[in-house]
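Heads up, there are several structures right after this.
Note that chain A is present in both complexes that follow, paired respectively with chain B and with chain C.
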Partner chain A sequence: MGTARYIVRRLIFSAFLIIGVSIILFAMINAIGNPIEILLAERPGITDEIIESITQYYGLGGSVTDRYFTWLGAIIRFDFGTSIIYNLPVSEMLLTYGLETLKIQIPAILIALLVSVLISVLAATRQYSRIDFGVIAGAMVGHSLPGFLLGILLILLFSYWLGVLPSYGAYSTRNLLMDSMVIDGLWHMVLPVAMLAFFNTATLTLLLRASLVDVLRQDFITAARASGLPERRVVFGHALRNAFIPVLTYLGILFGLMLGTAPVTETVFTWPGLGALYIMAIQQLDYPLIMGATMIITFMLVTATLLTDIAYVIIDPRIRLA
Partner chain B sequence: MDSEATPTATLQAENLGSRQRPPGVWRQSWYRFRRNRAGMLGLTLVSLVVLIAIFCPLLAPFDPSDQSAMLRGAARRAPDSIHLLGTDRNGYDVLSRMLYGARTALAVGLGAMAIASLIGVTIGGIAGYAGGMTDELLMRFAEFFMVIPVFIVILAVVRLFGIVVVGTWLENIPNLNLITIIVLLGCFEWPPIARMARAEFLRLKHAEFVEAAVCIGSRKRDILLRHILPNALPSLIVLVALGIGGAILAETMVSFLGFGDPKAVSWGQSLFFNYEALKVAPWAVLTPGTAIFLTVLGFNLLADGLTDAFNPRLRQ
Partner chain C sequence: MAAAQPLLEVRDLKVHFFTREGVVRAVDGVDYSVNRAETLGIVGESGSGKTVSSLAMLRLVPPPARTVAGQILFDGEDLLTRTPKQMAALRGRHISMIFQNPATSLNPIYSIGAQLTEILTWHEKASRRDAEARAIELLGLVGISDPATRLRQYPHELSGGMRQRIGIARALLCNPSLVLADEPTTALDVTIQAQILELLAELQARFRMSMVLVTHDMGVVARMATRITVMYAGRVCETADAATIFNAPQHPYTRALLESMPRIDHSYAGPARRVLPSIPGRPPNLLNPPSGCRFHDRCPEAQAECRCLLPVETAVAPGHTVSCLRRGSPGIAA
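Showing the complex of A and B:
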């Protein structure tokens, strides 16, 4: 099977995934009854007239399947409806909050990649040395340290005890640092990015070191060394490129993990991102917002997985496409 | 490492003269595991959690639901000689809550992984043994669960299920919320186990001893459950150990976000109640946090050690 056919098959599967999640969620929310009834379950004392007008306003009349297809048709046009609690277009909210989430996650994963490459090379080229064992132990501990606990420790240390970094929010509420939106934003990003970067570095280092140790033992490395290439080029040019293949597939998983646990990260740092928005939505049973946020998170996750899958087959032609 | 081969070699040498059976795969694995310092540390941590869970009524200085410190105006008190790890904002003794939390953590980890193993081994086993279209369909189904944002979906289901049960007989089940979380974790965390079970069943299907069993006319059930499954266990146990740690962490995160069981004495619940008072009473957050960290680390190290013990060749 050719690469093009493989990619098409993955694309179709991804579309199925997204639709599958939307059906599960839609069915679940509607299993309780009409979204209006969900709202009423925790807000007694609303008259029938008001219920009628709400139903009209949010387009919640008709059968479950009718509503599902109306909703599905609308989200293709990036129209997620109107938030019941905030009375704002859900698509607008998702965009604003989504950017805040990416603002901490993308730098974190880039920093983690850079740092883990350096650490892994350091460890793998000195296999079974003190440095190597130190790196393995550190990475293992970092990998097991729950992200939110690290976040809490960082807040305690840098915000409460040293008082140098802010513990919550994306911007200062009163005075911006140095009166600059950019500097103030960066200042607030330090702790959440540090937490995410640390977690990702630990996991990536564990993987990359093992992979690098494996590659460095192979014949083509010996051949490269024998041909008189400087060690630096052997490691960074030849070994690292090959060691990166298993790590690449993991990047998608890691990104998914970060996105999936964004509610926790963003609760620890009171960060106004997609995860925090999602928590608010399910606490307040804001049905269009729950659907919208889940769909966006699923979409981002599926896209990340899809991209890594495709990158994988392009980079490594040995892979059997099955 | 070069030390890997030694224990087996010594054992074989010891057994040469006698008519004793050579040590079985489990015993051999244990000899290898014992040599693995990280694995032993993991086992120690896990054993500690188990012991605490069993003996917490004897160990805990206070009842986990004792809020009397609140009445004495001693809530959020720093660690002292009466409350060794201080009290939290609800007047609970932090140490006692931490010790009792081990029970909930283990119940979550074991319960979720029992469900996940049952689903995973069934689906993976059928896929691997049957092959063909069945295999393809079941594995696509498993992949679906691997790609969707499980944690996000669990949060929504826990919240919505909490509303569904209001007014039904289910409402009277004690710790219903916790049970929901356990079942959900089990229902969403099975795909890695299914994948491994499939690979193992596929590999063992053509093993000589399985073909021998087929030849002597063993029943299909016996072939699957008595010949293939026991040989697939080592690889599966590693995943289960990892999964227990993962499930405990997941429950903690669900509780930390406020969707946990308010009646359960769980570490995540303690984090949720005390996070707002982090600045005033950091011990009430750091104690359950450390407990979670050590438990998850313990299960991760244990799984790591088990991988090495069951597959000595991988190490070289």
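Showing the complex of A and C:
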């Protein structure tokens, strides 16, 4: 009863949040200046008629508010206009590139989650041991390592020296591995997923280990042990779930921003993903693409935040639904 | 009766903390025993090694502490030689513990029911339904109204006194023969304290279980304990039945402790006021304990020999042991 009302309230709040972002985005993109003038700057032979027809083509006539509502009405129908640079429907591009990004991000986050749980338990249950210090040091180095460096090292080792994994792209251009789209796709995913998973693991381990060390010191853990529960149950059942509470927020952000947070990986491995496309769109001032990608990333982040808040209510009964 | 073997016998127990600064001798050669169906009160100031020694009974001393020597005979068997698996099977089932702070000793994210039934389903392979019935029965026994509803509640929804009652119910789930109660009332309001003590005494008599009641409060042991062990700086000063400790204490520390208790028939205000006596000095740093008798630098009766000889606990009367050179205990050079 309380939960349902809470979720509805949060949904309404989320809708306002997205509209708020859309207003700010629209205002800022307009503040850059007239796109037609920027696009056609210093090109010879541009007449007023040409400017007029391009303005009409992109629907840039009329007042700012009129244009905002036209745009808002269109994006609700998942119509983000046409890319100026690629001349393709932006919605189609977001879908294609977005899915490619999810293909490497989701496995990377899930693998990182699993690995960091195992490593954190290993370290936290042996606090201040050599294993613990090793894990802290490793996670610190991993967390601070420049992204491209690991990517290049992976390519060097597995593609150049060993020659067992592809160094670029999502699929082979000529012969598919074992003549299968699936196997060939998975084969191409290995390195980018490994790179993303590595960085996520490092950060998650730092957070989770610290949280777990803290929880393992609590009285209720000693009490659970004093009740004769086996250590495995004490650690995984009683400690880990508590330790996850502070990590949940980070996990939510990780999922929420996943479309935009892999540009380095996508660039290093020439992966046709949204993160790299987004950076490119900004560099080339591809207005519809910038706006479309921003709205999609906003939508993902707001949704993930909403799910995180709901997850908090499920995992921690102390959270009051006010 | 005298020939009956005590349920728990602790011999020369030593628990040391291995810190960066050095070895802290939190429990340094402690002996005591608990007979069947009796309550042993262990009294001492903060830092006298009370809590650590009860955790040592369960072999749960937290690192950097380690039990370095001694024997813990439970039912005649040394717990320190048991395998971890045998030890786990004992915890919660034959020996259980009631913790000091009910606010932190229950898992905040599991319901009361989940926490209680988990122990039963684990130890006794009870079905969910049986475990729930048993949990409801025990919650009723510890004086919780509407136990079936409480099972579905979470610790934060209950008051401190109620949570401590649940802590007690948890300790008694499997009918243990020994319950270790570590300052079970310290974190509670005074009015609730009395209720909890009454409940513990009632349950102890009802189930004829043995109890080790660890406290710094002489008033608590006065009403609860059959026998009392007084600890100071990780060592036992004196052990005797409760009446003897209060009426004829031998050890200077026990005497000082009793004298520093406020009395209701004394006035501590007004022109004819008395000053509440206190023990001069501070509890020693166990990283560097005083030589000889640990109490010598605060003891009104200390002599030169107290500074270099460590007294050995000796019987001064049947069932009454004291470790004080001035009471005839032999000393060993230390």
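We adopt the following convention: the second predicted complex is superposed on the first by the 276 of 322 C-alpha atoms of A that agree within 3 Å, B and C clash if a C-alpha of one lies under 4 Å from a C-alpha of the other, contacts with A are read in each partner's own complex, and residues count from 1 in each chain.
Heads up, the rule we're going with is that a contact is a pair of C-beta atoms (placed from the backbone, for glycine too) under 8 Å apart; a residue touches a chain by one contact, two chains touch by 3 or more.
None of these values were measured; they are calculated from a predicted model.
Of the two partners chain B and chain C, more chain A residues are in touch with B. By the touch criterion defined above, A:Pro166 reaches neither chain B nor chain C.
In the superposition on chain A, A:Asp316 makes contact with chain C only, not with chain B. Once chain A of one complex is fitted onto chain A of the other, the partner contacts of A:Leu156 are limited to chain B, with no touch recorded for chain C. Shared-chain residue A:Gly273: touches no atom of chain B or chain C. Looking at the shared chain after the overlay, A:Gly292 reaches neither chain B nor chain C. In the superposed model, A:Val141 makes contact with chain B only, not with chain C. Legend: residue contacts after superposition of the two complexes on their common chain; A:Arg225 is shown touching chain C, with no touch to chain B.
In the overlay built on the shared chain, the residue A:Pro263 is in contact with chain B alone; chain C does not reach it.
Common to the chain B and chain C interfaces on chain A is no residue. Partner chain A is touched in their complex by these residues of chain C: 55, 58, 60, 62-63, 88-93, 96-97, 99-101, 104-111, 118-119, 122-123, 154, 156, 167, 170. Of all the residues in chain A, the ones that touch chain C in their complex are 127, 217-220, 222-231, 233, 237-238, 241-242, 245, 315-318.
Chain A meets chain B in the complex at residues 13, 16-17, 20-21, 24-25, 28-29, 31-32, 38, 41-42, 128, 137, 140-141, 143-146, 148-149, 152-153, 155-156, 160, 256, 259-261, 263-264, 267-268, 278-279, 282-283, 285, 290, 294, 297-298, 301-302, 305. Chain B contributes residues 1, 38, 140, 143-144, 147-153, 155-157, 159-160, 163-164, 166, 245, 249, 252-253, 256-259, 271, 275, 278-279, 282, 285-286, 289-290, 292-293, 296-297, 300-301, 304 to its touches with chain A in the complex.
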